[in-house]
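Letters A, B, C and D mark the chains in the order given here, with residues in each chain numbered from 1 onward.
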Amino acid sequence: MSARTEKSPKRAGASARFQGPLLRVEELCLHFHASYGVVRAVEGVDFELARGQTVAVLGESGCGKTSLARAILRLLPRNIARYSGKVFLEGTDIMKLSEERFRHDIRWNKISMVSQSAMNSLNPVLKVGYQVAEPLLLNHMGKDQAFERARQVFGIVGVPPAFLDRYAFELSGGMRQRAIIAMALIADPVMVILDEPTSALDVLTQANIMNALKRIKQELNLNFMLITHDIATSSELADEVLCMYAGQLVEHSKAERFYREPLHPYAQKLMASVPTLRVDKKPEFITGQPPSLFNPPEGCRFAPRCHKRFDRCQEEPPLFVHGDETVKCWLYENR
Amino acid sequence: MGKLWAWLKIKELRRYPSLAAGVILVFLFVVLSLYAVVSIPYSEAVRLWRGGPGVWDDYPRNAEPVWFDLFTRDQLSRTIVVPFGAGLKTEEPLANGMKRVETLLPFSFEYDTFPVELSMFTLTTEVTNATVSWHTPDGRIITLIEGRRLNRGRTTYYISQDELLKNQLEGMAPHRGLFADPEDRGKPLRGEYQLVVEAELGDADELDAKLVVYGQIHGLGGTDHNKRDLMVALLWGAPVGLMFGILAAIGAQVSTFVLAGVGTWLGGKIDRVFQWVTQVNLILPVLPILIMIGHFYSRSIWTMLGLVIALNVFSAAMLTYRSMFLQLKESAYIEAAQAYGAGDARIIFRYLLPKLAPTLLPQFVLVVPSFVFLEATLSVLGLGDPILPTWGKIINDAYTQGALYKGLYYWIVQPAALLMLMGVGFALIGFSLDRIFNPRLRTV
Amino acid sequence: MGKTFARLGRYALFRAAFLLLAVVVALYLTVIIANMGGEMDRVRKAEIRFAVGQMVYQDPANRGLPASELERQVEELMQFEYRRLGLDKPFFPDRSLRYLWQALSLRFGRAEFMNSDAGSKQVRSILLERLPSTLVLFATAELILFLLALFVALFLSRRYGSVLDRAIVALAPSSAAPGWFYGIFLILIFAAALRVLPWGGMVSLPPPKEPLDYALSLMRHMILPVSAIVIGAIFASIYSWRTFFLIYSSEDYVELAKAKGLSSQAVERRYILRPTLPPIITTFLLTVITMWMGQIVLEYVFKWPGIGQLYFQATSVGDTPVIVGVIVLYGYLLAASVYVLDFVYAIVDPRVRVGVGGR
Amino acid sequence: MENNTLLSIKNLQTYFELKRWGFLSAGFVKAVDGVSFELAKGESVTIVGESGSGKTTLLRTIMGLAKPTGGEMVFDGRRLNGERGQMGRDTRWLRSQVGFVQQDPYGALPSFMNVRRILREPLIVNKVKKEEQEHRVRESMEEVRLIPADDFLPKFPHMLSGGQQQRLVIARAIILHPMLIAADEPVSMLDASVRVEILELIGRIQRDHNLAVIYVTHDLSSVRYFSQRAFVMYAAKMVEKADVREIVNNPLHPYTQVLLNAIPDPDAQNATRFRDVPPGEPPSLINPPAGCRFHPRCQHIIEGLCDEEEPPEFEPEPHHFVECWLYK
């Protein structure tokens, strides 16, 4: 067990909570080196997130939504080309923190993550209980106290405590996903990033897990950042929506607005392509393909596929802010 | 196969220096093998290597290679041969139908170290008494033998082992004494020497003589204890090693690959039998069995090759290939092929095997050196092919003759270095191909 | 925990039975090969003739009898012996199974030409006398190879692409050559040229009395052979294990471990090293098996008085019982290696220990 | 009247034998356990269910990839599970009559063959004459809009986009002019924007050639516009069969109701409401629960009946079949 320097006492509920937005991201950029050039996965993303609000990050595959989460949690692969911008968590810019301080204060204590492939996110040779309790053991909590906490979070996500003593291969897909969600909650972080938490699961199991996440959201007043390409499922949790296209944020608006009548043309097309069960509306498809991320076209990146394109679109539009909605499209220049 | 060509054609080669180095090395060995087979045809190489009377007479024993000369300031002595018929012959008719014949065998000696051996060969019909004398550049004459009977045909007079002569030269071995500079007996005298053979023989008789002064260094590869020029074996070791390595690799790896494919696809009993035979083969002491068969039955390289292949078909590689095929067997494109009616054979040979062929290549190349060394190991154990000259054989001879004790390092280092280079050449290619083709590696 | 031990026990039992069966088949094959040219029969018959002949000629009762009479008695007794030992029955299945049973129980009878240092002609005592020196050398070399390769591979997996990493990877091809090959060069340098280490042999002659001196002398003699074995395989092992670590360090649970805030040492030990051990053990098993084979020439090159050198001497002299004896011993040693490493694999990989089926 | 039924299945069973230690029989996985339905020529239908419900095994049995162990299957008037010898010829004929579209487009294409080779393989296997092969290849590429054909023919799968790869899979599926297309989760790997494009492509081909199509998916909402009827499968049985519209708007079987209720539509209200979803997981197919297989998770359970006897098929409304005691 690595000796972690003595941690400040656990954030007692009473300590004064930071009043401003929980999370503020400014000009966040993340570019990778690939064999054929530099991939500009996240390009200048700005947004703010109030405490207790769940945000859904939507977009087609390859639009940079997972890279955005990785950038915030500083989980960077070896071939990094550029990593810049500011990320304010409860007022402090965590981008400036040293690796040691970041690992010690932020990782899992402030922000935790539920990764996409639950199937192999558990170490096959360690018992599940140990892995779930590990973050607490790192904070010098006693073994049985940590396991007691683990039993608690297993209860919250609906996993029988007996599974603490099992190995990963002895659990079904749904059980593994719940165990990882429990692991994300154990150090009661401020924000949990959920990267495609249920895309690999069956409909009923997915609904069960979504119910559990809703309960956690209400009881623990937690911030979720839900990353998914499945727009219908995202509406299960989302209070606000960030819509990404080709590495850029194109719209940030409230859930009611986005799911009913989104502003940005791409968002409109995206919503039109989502099939619905209860509403009798034939889905449409979007012609053309998303641009390559290593030499994206000049001006608005959706212009070539946009049905409302006009001459201003040659130039890249800034993010226009109207009240609690921001949109990156010249149509809303003087609204 | 398209992907394979895509890699090899474009400039990928430059991105992998070790691949380029490996290819060059192996290419050199291929050229060496071609040169060997062309310059010394098979039957000639076998004859030379078997040796026997008269084949290596003119070669010194345990001579170091010529390039030793580069490391010393002084000139190391080399072999000088005055062949039959080269001597100046004068005849003097005598009474009663006899004649006195005198043969002069001149040579010049321009070296700073003594020769290692001295021998004279005579070719006569009938000679009653012959006198052989040694003329040194500074005019001294030393009689070697006087009034000796030379019997018919070809005789050899080992001057350097003549004890009488040794005493005559104050105990110095003849091949040093005869050349020693009177003032400084530690250094040989340079200049023109002459060996004179006088004899009385019948008019109809003939007498010819040949002198060989064996030098300290000889040829590119030096010579061994049977006076054989090592270059023969050093050259011929290349084609034999290549042939054995590549054929064994083809026989073993390729058949293992195909059997693993067939076994995994058909599954059920066949797969279980293959798996079980592999387990038994894993426990089978392969080398001792090879040695036993080599001793009891036959050591020809072809039997050995066949045996090595047979004992390696169900090698551990079967397990690795099987696990790869098991994953592949479930993939969608195989199910699609079944869906449009492809039969078992077609699926195995057109869909399963080609997909993993790129991963077979590095394994195949990596296994060649292990077979080349296996052949060397067998030779070192005295089990090499009885007639073929190979590197392992040289190492075996050198080791049994205690080359290391006698300081004849070249004798062991040269074949070992060539073995090493060939092994490393293939391994270089194998490892870099492994990096290119191994699907899992590319994700790192 | 009880359930796990029971399952582990059952797994061990099953593997043992399986390996034993494999050894039986392997040895049966050896016996068949050994007797293809009637070698084994010839030896048996010569042995019987020797024993019977001695008995008849030294029997005081036959003192005065003419030679022809003695010969008749010898002949008669030999026929009787053949029938008793079942040598007259066909090779398949009778005699071959008899030889197999004798081979399995290490009863090889007497050597033809060789004898043990203690002077006994019994093949079994010749073998068992030389076994410890082989085991000492082999076990030490394998242990050093495993620990060294594991440590360096783990160290390198953190420095992917560094100069050291590229250097070691460039050296990987050196493992194409077997141990004995490097042995020759090592002797050349350290024994012949520098005269620092002994040429070969296990202990200096005459062997020192004190156990401590004996151990020191043994270690001094082991330096070259052990380094030869290690050099012969270390770079390839480092290369393949470092590649395993690289592949396993890109797994999802490793990234999750980093995200959990574990220090890089903790991530490396618990999330990279532990899960990669099973495949490492399997590749190490294959290296051990090829090492056993290299032992014969290595012991010959280093004059190490083990069963490898014994085998070499036996084959050059053509002493059949000893040859078959050594092969059988090798069979058992290989089976033991597979069994031990299989067992270690079961301990390291919970999937085997706990058995699949929790789903 | 020319018989319009393409495929009729009565009480079909497909079991897989479980072996322990390689030869001991350890029970059967009853993947498809008594399924019956009829499919007309040119009709398209969707089979919905969770993983482990047996929907994929049913599809593989219809395609001749899995051997049925019971019941009867008649394809285009030809009875299929005949005696030994007959079996081989039948299966090969059946496989040439069914085109297969798979879930993962890149995985479904051999990576070492170029497009021309991929399309020629089914023709070579089914002994189509050489001259006709080139024509058929170009015709099928035309059909799926991979034009101009010459651009694509020399390419390898890794050089195509996700959508193009799926088009190539469809081209390969129709090149033998089959009578039925079997599509196993054809679009679930694709992005929403491309998904509908592919479904429309299959719909058009179906209309042009009067092909029958069977979609197998867990996501009913995306396929509902492209199939006339929908069958719901649970634990190897077909619990409900009806028109798609009927199933969506008027689900009768408790499992169908729960299944549809679990599928979300994009609506901000979802974040506030909890979906009532039955606890537990689908039952094991080795020894399924007695009686109706859904009874352990069903709210409308009738004691003594649902948990003892297997419900037969009822038709409470015209063309709307359901296997549930509520409609006795």
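Structural remarks
Here, contacts are C-beta pairs under 8 Å (C-beta built on N, C-alpha and C of every residue); 3 or more make two chains touch, one makes a residue touch a chain.
Computed from a predicted structure; not experimentally measured.
If you take chain A and chain B together, the chains in touch with both are C, D.
Remark: the per-chain Cα centre closest to the mean position of all protein Cα atoms belongs to C. Here B-C and A-D are compared, and the pair linked by more C-beta contacts is B-C.
Averaging Cα coordinates per chain places chain C and chain D 56 Å apart. Remark: chain B and chain C have CA centroids separated by 31 Å (rounded to whole angstrom). Centre to centre, using the average C-alpha position, chain A and chain D are separated by 34 Å.
Rounded to whole angstrom, the centroid-to-centroid distance between chain B and chain D, based on C-alpha atoms, equals 68 Å.
In chain B, there is no position where the chain touches two or more neighbouring chains simultaneously. The multi-chain contact residues of chain C, meaning those touching 2 or more other chains, are 160.
Contact topology of the protein chains: cyclic, one closed ring where each chain has exactly two touching partners. Pairwise chain contacts in this structure: A-C, A-D, B-C, B-D.
Of all residues in chain D, only 22, 63, 65, 92, 95-96, 98-100, 102-104, 107-114, 121-122, 125-126, 156, 169, 172, 176, 182 touch chain B in the complex they form. By the touch criterion stated above, chain D contacts chain A in their complex at residues 50-51, 161, 163, 191-197, 200, 218-222, 224-225, 248, 258-268, 270-271, 274-275, 277-279, 281-282. Residues 160, 251-253, 255-263, 265-266, 270-271, 274-275, 277, 348-351, 354, 356-359 of chain C touch chain A in their complex.
By the touch criterion given at the top, residues 1-2, 4, 73, 75, 78, 103-104, 106-109, 112-113, 115, 117, 120-126, 134-135, 138, 166-167, 169-172, 180, 183 of chain A touch chain C in their complex. Residues 18, 22, 276, 279-280, 282-289, 291-297, 316, 366, 369-370, 373, 376-377, 380-383, 395, 399, 404-405, 407, 409, 412-413, 416, 419-420, 423-424, 426-428, 430-431, 438, 440-441, 443-444 of chain B are the ones touching chain C in the complex.
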